[in-house]
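Below, chain A partners chain B and then partners chain C, in two separate complexes.
Up next is the complex of A and B:
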């Protein structure tokens, strides 16, 4: 993401981060399922000041037709930032950054989706960033994963995602915008919590091998907690139906 | 009979009984996991019944379809699924009149509805239908569409819900596998029946639904008598 502008910012004071979090704490996570009426599956998610909405359509007919796959469905993923999601107005439309994020996010979710169930179809995932405060791709993947489940798409698992980074010489979990801009490294990770399988990993900046391993461990632990929250959000939607008859 | 509903999300562990794994599940290292977001049903087979998702036809399903296109020698039929089905001309007319390109629309035109049975689904998801009944627009009756995942709920256990609906609404009701429901009867009865069906689909995941629907229908017939 953005490089620091050469100036030094003190990101850690008295063993706490600027927003008062500890090193191994991620921002408050709020997940709501089924927020869009017209989508087949949807999810609204807040990770601190990040506000994300994910919508899943399909399986439905794949356009353009020549891109159809006769044996399986095609997964489409669009990551898009609203013009008002950042401090300076973002020029609307896809750009180099959002195309890349769309690609890595799609590949993060791809391994869990059973595409063979829907030959020739497309499964479309639209992820809109309404407000952004660093770590939006991880928030997007978390939301998309829940929305896919809500759409009734057959999947082997949910995917959970979080970033780790290095600020002021410390390895910390889930950077916010200031930490991201003035920190030394940022590393978003997506994984399948149940099997500890990493489906996406990127790194921007420098970390030693030791820091990398510590960061990875930290992120994996956090993904377990995020997975629990995603699961709880889905279960809660039908909590009224805990007891019932057929 | 009351029992616990168990909602699962993809990847949830369900059971160790690998050989009983059914629809909506997958087996990994001898354990059964959920493949979709749904409700566990444990009988001889362990199944996960999805709470949402699109209808995908399988052989033997009876569906209600809408003709969307005529493309000799087939009618292309929308069956409330991402996949379109087709109906061959040999299914029509009983051989009395030989159908050709021009006369196909006289028998079944675009926007007409049919009740049909899925006779074949091949690997390319080409779906062939066999005609059971056709009905033109405006020929009386009502068509209600609900998500196909709610169909079992409208039928109820051993058909209890649908039996009650038919009796209390005094209507002919036909439920197709793809979530389309055909109702025939008096205008007021059809209104009531379609309203109740939509209500059932809306509250499909809540408990004690059959009782609640029964009360609802009773309150209605009492209103009728007072008038």
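Up next is the complex of A and C:
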């Protein structure tokens, strides 16, 4: 946010966004389930120009052992950007941004995972950003949620995620990279669609209370649509294997 | 194991109190603990503040240095915020590289200051593309009895509002005051037993599954938010928290910060 300060970029022309989307439209979302062989569960996801792959391992033994929880499984989440995923090469390894995103994303998914079934175990989620175009954490959470289901981890529901933001004075859904760089605010959320429960919420930039309230509603509505797409992708994957393809 | 059991008992005790409409220190759900802000406590720092919220204590020190601007913003100063959860402050803190809690603390405080554009960074340019002022905000936690974010954010803005730019030390001339134009204030709340509590202490933080920090400005606009913890919140709860957050921020601003 605010990175492009000083330069004026017109993000909205004739009531349309630069990529032709309306204010309340998210980018095309593509979800593929079970794309990796070795992982217990996996998902490949595209949100516009974001390309993300998520893998789930576990439940398996928790290391280090002192970090085990005697009553329930521990959820681990690693958000990682490939060095080539952004314009200026990202130095490999965790930086402060990815440490924070990993924490927030883990906390977004944790509420739906029935951890009590697996005391002392770890459920590990690895999310790799292969190509990034703003909104990577929301793409990552969507992919991770599907990968958890693909791994057969007991869950009460899926988690769906999207960002809203403010560009050119308007509240819009799902900022792309240009909009994120030159926009006024960005607010990623994650939600359990069935119960309308918010499990992640961050806000960056500046907006009024009214804009925030409208933005939250808009994002919650979009999460319902994303939820339907996540479910459809899972159902498609498993109806295929029923027909004896696997 | 022993500590875990004590933790569970403490959690039960806290939840029981809250169910009965009470809090550990006997304060109201929307009441802060006693706050003390002491400014200019460190002579060597360009600005500093020691903030106490109840038994929570945080020291924020600000140092200014000159350096190169970022390539994508050659004419603006730089803010670098860091937080250290030193082992002196809690039996739960360990020495070593920053963990996710200290990273989150620093980034949330930073987000508030950046989002509100509290510092006019363009005025911190010394020579375009070559030399700008770098503002280092260092948060040193001394005692963690819960709600480090509000203490750190208040310490940061209080320190920033009282800074002398060390022009002489760098052979420069110019205005010595840091160009401030906003006063973002963070208000953190937790949800326990369906109740919203402002300024959670350590007990209440451990009993809560969700925590929300709302950072707002003098005009009531929002300049940063962060939910943390493995619980969920409903839209109506978030709306109420935002409302409370803005109101409480106004009170804190009026009481503990000088006018801009």
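The rule is simple: the second predicted complex is superposed on the first by the 236 of 246 C-alpha atoms of A that agree within 3 Å, B and C clash if a C-alpha of one lies under 4 Å from a C-alpha of the other, contacts with A are read in each partner's own complex, and residues count from 1 in each chain.
Quick note on the criterion: a residue touches a chain if its C-beta (ideal position, glycine included) is under 8 Å from a C-beta of that chain, and two chains touch if they have at least 3 such contacts.
Remember, it's a predicted structure, so these values are computed and weren't measured experimentally.
In the superposition on chain A, A:196 makes contact with chain C only, while chain B stays out of contact range.
Using the contact criterion defined above for the overlaid structures, shared-chain residue A:207 touches chain C, although it does not reach chain B.
In the superposed pair of complexes, A:155 makes contact with chain B only, with no contact to chain C.
Shared-chain residue A:59: touches chain B; no touch with chain C. When the two complexes are overlaid on their common chain A, residue A:238 makes contact with chain B while staying clear of chain C. Of the two partner chains placed by the overlay, only chain C lies in contact with A:185; chain B stays clear of it. Applying the stated contact rule after C-alpha superposition, one finds that A:103 touches chain C and leaves chain B untouched.
In the superposed model, A:119 lies in contact with chain B only, and not with chain C.
Once chain A of one complex is fitted onto chain A of the other, the partner contacts of A:130 are absent, as it touches neither chain B nor chain C. Residues common to the contacts of chain A with chain B and with chain C across the two structures: 70, 192. Remark: chain C residues 1, 4, 72-73, 75-76, 98, 100, 103-104, 106-107, 111, 114-117, 122, 209, 212, 217, 220-235, 238-239, 242-243, 246 touch chain A in the complex. On the chain A side of its complex with chain C, the touching residues are 1-6, 70, 96-97, 99-100, 102-104, 106-107, 110-111, 185, 187, 192, 195-209, 212-213, 216-217, 220.
Chain A meets chain B in the complex at residues 40-41, 58-61, 70, 112, 114, 117-121, 149-158, 192, 194, 230-231, 234-235, 238, 240-246. Within the complex formed with chain A, the chain B residues making contact are 1-5, 7, 9-12, 24, 26, 28, 33, 35-39, 50-54, 56, 82-83, 123-125, 149, 152-153, 156-157, 205-210.
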